[in-house]
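You will see two complexes here that share chain A, one where it goes with chain B and one where it goes with chain C.
Showing the complex of A and B:
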């Protein structure tokens, strides 16, 4: 008799726990109701990587514009940004909170390889849709719950080399790269392209992200006799390299990765050398000042909805990753569900916002393989020297 | 190998490291504390100069003087409020306080000026270059670095050898209690040493930022190099530190040219080797305390 009472006493809280857990699960499964759709993103809003935080705020502009027009099939988008300071453990905390407590339907963007890697398996286990992680790392490519937007570094290197050889006719090309996966992936792309032309890099000089004195690297690049240098480095190292080169009278043509296509920023931190030396970069958006109806609508929306924001490339990146998600939500129709959104994403074909043209299918969620090539004009303006071009070479 | 270029650039960067190493050495000379906040104190003061220059639109020299004044105050402030209140401090305890100060300064600077990189220009441009002989290109910036480093070193040498305050600082380092008995106000000496170190630190940092870039992390790597230069030259020797800086710059540049992948670790290999072979550094005298 006593045993029975103990068991009953235990069963009540256990049952309650079970029921509560079940409601939690049901909420997580849906991520929306009749009035709202919940979307999340993480990104460094404070700390050393804060400049990249603009991505998460750029996506907000797209959702605010949608909400202003009445939402998607009558539902408003409720958007959550979690500041992770580019610290993977904080990314995990923010993501868990959004999944478990807020119950989001999908994540969009998310800056950086390391923070993304930290939450990848968690999001996959929970079957949360994730569109456009801001990293070109290969590790993100085979997740069935991820749809990728960020161009791969292999394609970036390959297309920069293609432009240098085919459009500019350079015979001696050197590489200045960050000594990690980013630099190595791009180097593979460059070598693959140069092989097509029976060429080789005249020098490949590594740099660590913390280094500030680049004199020996520049001396090595200079003595290689390079006419053009492809740079796969962070803004700081690119700026210091350019300054150092100028200070020893070395003026090759610099071609940098798409991470450096924010000409306003680069011109600012190089005392205007970026413009004076006419630096070339690849790019993953349309010209920020293009006079197209879509671009104009965004620029006007920024003035109205987020006047404190700078119309910079990281901000635009946030728009680029949010566009296909909004498009898929519209396609999924009023009977929204995770499965419906998934099908809608899988059937996106030839979709064009202000980024590259996207086609996804059930079999492939890989990012677009096309980029533009820009040159910084004498007054810091963007000159599109090569319209969208697709990399036709594969890694093998 | 572009010998001339590596030599000039190596010596110029080395002079900056050496100059910054002096900031570390001055505090070490008086209190035997290695100041791990030196880099971020200099970073913070450089941002003050940048702020005066860009926000108030003041000429460079005004902003630089403001930074020097701020640096001196910052040094005194940190000594007075962070180090002095420590109860029965051990040397290690004081060093940990400097590490905490470094984190605090880095955080405040990121909050106030943001993490985005800034360009900081000084009147000595790295863009104006002279070819003194074939293969030897020197920029205005490098000339300024050599002259300023030489002037500061000459001044310090004179200061520590021939002024009362300099002698008092050396006395305080050798024996704090004896110095006190002889009538030296050791607390004031410490405060002065922190101010002095901070002023030299910001001078080096302004020169470095003009050549590299200004952001809240920009002194992290130079601090490590400067520390290596100071260990190499001997933490007690003023000319030793500057020569150590020069050697450091040259080793890094020539090694970095020959084996770029190994460049970042050169400084640390140098520290380890020196500590193994000559713990007091190339020019330092090793004091043995008698029990």
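Showing the complex of A and C:
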């Protein structure tokens, strides 16, 4: 009985907390006031997709740096992260809450195709600016309120194939791909590129994302006699495939998509095989350890503002998507409005942060078409084997 | 207190005038709610209503029949995918598609009920768990269901467009009224079903299978029936969920969702329809609203964030969501095994005899 009385006593402050959570923020003017600009992002902070949650926190670094320098035209950036656990229904709840209750001006980033698809039409109907969804899917390309940063999977495949053929001179190239839109889009890019060279894939082996025994796929790839294999698969499967191949003495050159360019992570889950095999990947940022003023400033800021974060590729992706938004907010000037920000985004030309070079216009919000190609060095370091290169075969 | 003097008093829908009175007040409040709420809240209400349908249905199986089920995410998924596909591929009207998908879900419920005749407790939990996981991956493998990319729901037309009579619901508010009407219907149906022969049979099975069999209850029929009815509820809820969300992929219906459904029923109070409603409301509100916003509450939010920075991972405030949900669950089981419904009974008793 005593416990119950304690619980009853606890219920009072708990109730107060409920009320605070609900009333503390009455409806305000949408997006900004004289003191702050409100920006939101969703991302899986918990649950099985949690490693990608670093994207949302990476964007926070950029905003914190801006706020430290006094904000944008006197306004601080107030940034909201909503954990959606990679579940569309939670994304929708978080996004509606941020729009209705917090009144955000714009969304930045947002990991994943499914969560993004769930909120796309809602954001479009409400004319809310959305910069840099973290998905290369084609479905995001013709929303007038969306500006894209994430390189398309078509371009990714095309540039990987280009590097394999033109720089490395491989004649026999095979594809190991995830059997869905991601893999298919990349395959289109690869086939288009190989056609230019009158070549064909010697094998295209699909894999389902839940498969964990990949020996039959590796056997097929091996029997095709491929010298190089382009992989469009998730990190776990890339690691399993690499181990399986090495264990049967099959050691082609692996080229993976930009989603796997976190060499520290890949080396960790392959016990160093990633470095020993010198795996090549495409990449959508500058070298994480590059000695450029911008990169140095971010690395120092992480040490100071977010020392608990790992300087990984997903964290950097958050920076990549936030940079153009901050740039546009500065360009939009002190007379901020949704229209002003939209025009500023539309007129971004040749902007370069630590990601690819961006040009947007009123007609085209397509993502940049350039990528870098990296190779994992013997000590797990990043070797840039191909500087930024644009895909000249890109689809319109 | 609630003394029943005749059988007919027991099967009354509303036990007393007071209950009827408050039920009408509640309904009026629900009807008026959208006028005072933001778009966001209406979306939250819709989610709550959908979850109530699932929880009430799951309660018939878990609470009243005593069969554990961890695979309701699967039936929920069947409801969502089949409703949308029947509407887009076969051009069926919404209500036909919704009922069709619910019956298909019920059929799968019946199939899952068959092994349940031989399985009990943890073994049944494993079997249903496997079903929920399998459905998610099977849907993900089939091109027809949109593969892993998922499906977009068509416009919600509650008329019969094939006959030229079209009535499209665009806003969350109009969907809210549709879902509210269906939810009320499903809840009344659940209350009533427990007072029929079938409902009595369910309870008899829960209390003692052997005793039930001795008094002439066909275990095979009623156990599978309980599964089918429960899956029917999840199917209806899934069909509505598809339109609340607009877009969904197979992994929306993951294991966590199935577990959360069970949590709703347990927190609410096993075996009570009102408990299931309360549980679904509370858990949905906690998961989707309160826990997501705690970080912005003055003082408390900052405190939690700094605690998380110090002791937990870099995710910040979101570390607490599942911890808090788990604590709610553990607290309920330790202090109030009958859930919210049990607490309600106690409060009622207290005031009945107050101040003595």
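General observations
Rule of thumb we're sticking to: the second predicted complex is superposed on the first by the 363 of 396 C-alpha atoms of A that agree within 3 Å, B and C clash if a C-alpha of one lies under 4 Å from a C-alpha of the other, contacts with A are read in each partner's own complex, and residues count from 1 in each chain.
Just so it is clear, a residue touches a chain if its C-beta (ideal position, glycine included) is under 8 Å from a C-beta of that chain, and two chains touch if they have at least 3 such contacts.
Every value quoted in this text rests on a predicted model; they were computed, and no experiment measured them.
With chain A as the common reference, chain B cannot sit beside chain C without a clash. Once the two complexes are laid over each other on the shared chain, residue contacts for A:365 go to neither chain B nor chain C.
Applying the stated contact rule after C-alpha superposition, one finds that A:88 touches chain C and leaves chain B untouched. Touch criterion not met for A:193: it reaches neither chain B nor chain C.
With both complexes placed on chain A, chain A has more residues touched by C than by the other of chain B and chain C. When the shared chain is aligned, chain B and chain C each come close enough to touch A:50. Within the superposed three-chain model, A:270 lies in touch with chain B and out of touch with chain C [touch as defined at top]. In the superposed model, A:38 lies in contact with neither chain B nor chain C. Of the two partner chains placed by the overlay, neither chain B nor chain C lies in contact with A:75. In the superposition on chain A, A:248 makes contact with chain B only, not with chain C. By the touch criterion defined above, A:210 reaches both chain B and chain C. Within the superposed arrangement, the part of chain C that overlaps chain B, taken from 5-13, 23-31 or 113-121, is 113-121. On chain A, the surface touched by chain B in one complex and the surface touched by chain C in the other have residues 46-47, 50, 208, 210 in common. Residues 38-41, 43-44, 47, 137, 141, 147-150, 152, 241, 244-249, 251-252, 254, 256-257, 287-290, 292-294, 296-298, 300, 309, 314-316, 318-319, 321-322, 331, 335 of chain C are the ones that touch chain A when the two sit in their complex. The part of chain A that touches chain B in the complex is made up of residues 46-51, 179, 205-208, 210-213, 215-217, 219-220, 222-223, 235-236, 239-240, 243-244, 246-249, 265, 268-271, 273. Listing the residues of chain A that touch chain C in their complex gives 3-4, 7, 17-18, 20-21, 24-25, 27, 45-47, 50, 53-54, 57, 80-83, 85-90, 92-94, 96-97, 99-102, 113-114, 117-118, 120-122, 180-181, 208-210, 306, 308-309. Those residues of chain B that touch chain A in the complex are listed here as 1-2, 5-6, 9-10, 13, 110-111, 114-119, 121, 126-127, 129, 131, 137, 139, 141-142, 208, 211-213, 215-218, 220-222, 225, 249, 252-257, 260-261, 263-264.
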